[in-house]
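First the structure, in the form of structure tokens, and then the observations on it.
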């Protein structure tokens, strides 16, 4: 490494590193606490003072995935001895498992709606971005700004007419309705981001392809798409994370059928009172994939955030 | 294939190339590519907006399908603008906006500045700091209520540990004076990384050569910071403020899970108030007018701000 | 099949089989709140499934969203629910907007009579207009606000001595609301076994119906009336009478001197948590939680006692909770849904319902000589059900409730204005709503 006047001294680096790592650790504590609480027993979870060292149990996870009833003696007699480890956990609390809970369904809804809307958004977004980038579309700038400005509306304000419209069209509480809605919400930012990525691809590539006898369509998907793949991927991650985390529309427009996990998790209750380990377990299963994603794809992700915000 | 309109549509396509294209004309392709997006945005963004404006002049209520809908002119707007409660929620929103922005800019910029010292492993730690903003605000906000519990909550316990106060003697989300700060803290925890990333992009966009030149002029580090770093990073900082401002004006999920707007109306931000009017009281016409007012407000403020931002950029 | 029928020994099952044989098997969906009794109902309903051949699904929504979600479902004519165990206050809207099927003919045809049910539950859950024989539901789950207390703490000699010295009477179940406040104050901030404990957990929640369900227990007993008994919807001087103001002031005083810090947005769940974790000496809560308290490892097994809402200067009342079961008029499976109600109304099933932790409203169950001693809280339940009063059950109840939530919460928790101002404001809000409804 060559010496440079702008290269900070080693002491500065140490000091900066110390502060940043300190902040990172503080920032992590609430997340670690969520994960830890998921493995606590209900009594440990509400212990005073809060316990750091505890005997881990899977009770929170069992409670998350099952509905339980307080057992009467008659029921225990009928059911016989517990045959599985999770039944044993429920029995230890004087309850019997009456069936699976709704969590699995809600999680699956999140997956379907998240990936469905992301896929649709990428298909439509890439096409529109290509057109905006390569062709002269009338009123292009106004259109782009208007598309972006719709994101300034509070979701609750948008939800009023959407709610009425969905009700008339029978889209309330359906997967299709939520996929269309999230696609529309994400589309503006996606087009914005993707146009930037496509702008960066030299137009000469396509020209060469066109001269070689490709049609526009062929040039688009054989030349432009592969070049834009990284850009599309990082845009897709954004759309996915938005749809995954979205709460306001989900809580207002879905209920029994298409409800996603975010409105569901806070409502998890136990046999008596709030079951914090189960809530934490539900949150952990929901949040950890995003954290893993963030670490694995950090280069694209961080670039995408700044890129999207800083452009123009 | 010599239609001048097509030539115009394919303006970016080099001369002489257009006639070689087989299949669909560029103009057709452009429309095929743009149409689905425009259609979806019209259906889900624009059409509802127009509908909202229309409803805002009526007394329509979703939960009274049998009532006749009447045009009430500007009555909804008059009612909203003269309602003292609405001004109270505006104040709560302003408090939340101003303090989250101040704290996030201060902490975010400091972190970016430190990370830009390029110590070993800085990108891993940056990623860890970014975690909170990637997560679902509703799910995390819900858990923050647990952290804020008197006695059993980690937050109170930590404060008590460092200050010696009784962890049960205060309640962040239950106290009228503390609740507005409880939501500021949680939001700062969650969104400081965003400001940090933008600032980092700003700092990294400053060419080393400027510092080297300053060094030759024997300018002190302190002076370099104020005359080079801050002015060069300012457009980025302002951009971060714009984004956080718009996002927090829309704030719903995190706060509704944390405090539900309480105690009293102390943390009832406009979105929460609007949700009550629209989806609990079902005053659809009234809340449509409310939504229009909010939209005009945020749009107006953002436009003014963007003008200022552009001036700074030009300098 | 034969042997199974006899081993379960359910006469109800036999009876239902004869009914079911004529109908085809349907998938029925029952909607209710997501809480303890709902899980018990799943268990109970297995009997119906076995007997009738119909298949039961359940849609349970957590309390904070229950009203929002389900009323939305009904208002939009949704077919999600065939059977609805809707909150007591929905009955007016359910009847007037045609969401619920009127059950009079069905009751007559199947020899179900409302005389067999606790009168307060019939008025509260089934009738519209109130006190007329028009039935839109069958009382399904009797519930009422009552109090739970830490018997083990109350019985400690040193505390008893200290209390006696301070207040000149024995530490025990309070005879009046005023005494209850003294006890709460006595325990507030006290050190018990090394932890700081507090007086009482009371309802203060803002978002749904919490604080209203709590404050009414004080208001009623100090003289609050919903309307002029002589003249319907005449509120002035009844909602904001001197007694009502005193009642509201009492509730705020109780909140200020005897509740855990931070209990500013508490409802059923938070109160249970605080009580189970040993933070409070008493809790206000609906009776449905009592079986759970009794079974709890920390506070159950005799450590807890139960008492009805204590009297105030103007009498002794308690806030009614609970629900009736109705058939949704938009359902295409009304016959099968009615079958379920017929099955549910049988005394054997109702007895089993009580056994599983469901509060049966059937007289035959609660008047059984063994009932009062069947559980430690059974007598308290009976006493409480005898003094119930309910909130408005008008079609506009949701609007009425929102106004009350806001006015009362802002006074009690946030300390805005005076009690008189809060109730005067409530009179204005409610009058406006009734005017909008065309009732005034």
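Should a chain be cited, it is by its letter among A, B and C, assigned in written order, with residues numbered from 1 in that chain.
Here is the rule we go by: a contact is a pair of C-beta atoms (placed from the backbone, for glycine too) under 8 Å apart; a residue touches a chain by one contact, two chains touch by 3 or more.
Quick caveat, the model's predicted, so the values are computed rather than measured.
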| item | value |
| --- | --- |
| Per Cα centroids, the chain farthest from chain C | B |
| Innermost chain, where centres are averages of C-alpha coordinates | A |
| Whole-Å gap separating chain B and chain C, where each centre is the average of the chain's CA atoms | 41 |
| Intercentroid distance (Cα basis), chain C paired with chain A, Å | 38 |
| Rounded Å distance, chain A centre to chain B centre (Cα mean) | 17 |
| Multi-chain contact sites of chain A, meaning residues that touch two or more partners | 46, 48, 251 |
| Chain B, residues touching no fewer than two other chains | 62, 151-152, 279 |
| Where chain C touches two or more other chains, by residue | 277 |
| Partner chain A, residues of chain B touching it in the complex | 8-14, 17, 20-24, 26-27, 29-34, 36-38, 40-41, 43-49, 51-52, 55, 62, 107, 111, 114-115, 117-123, 125-132, 134-140, 142-144, 146-147, 151-154, 157, 167, 189, 193-194, 197-198, 200-202, 208, 211-212, 215, 236, 239-240, 243, 246, 249-250, 252-253, 257, 270-271, 274-275, 278-279, 284, 287-288, 290-291, 294-295, 298-299, 302 |
| Complex contact set, residues of chain B against chain C | 62-63, 65-66, 149-152, 166, 168-176, 259-266, 276, 279-282 |
| Partner chain B, residues of chain A touching it in the complex | 4-6, 8, 12-14, 16-17, 19-21, 23-24, 27-31, 33-34, 37, 46-50, 124-125, 127-128, 130-132, 134-137, 143, 147, 149-165, 180-181, 183-185, 187-188, 191, 203, 207, 210-211, 213, 215-217, 241, 244-245, 247-248, 251-252, 261-263, 265-266, 276, 279-280, 283, 286-287, 290-291, 293-295, 298, 301-302, 305-306, 309-310 |
| Touching residues (chain side chain A, partner chain C) in the complex | 43, 46, 48, 67-70, 72, 74-75, 94, 98-99, 167, 172, 251, 255-257, 267, 269, 271-274 |
| Footprint of chain B on chain C - complex, ascending | 68, 71, 75, 97, 196, 206-207, 260-265, 277, 279, 398-399, 402, 406, 409-410, 413-416 |
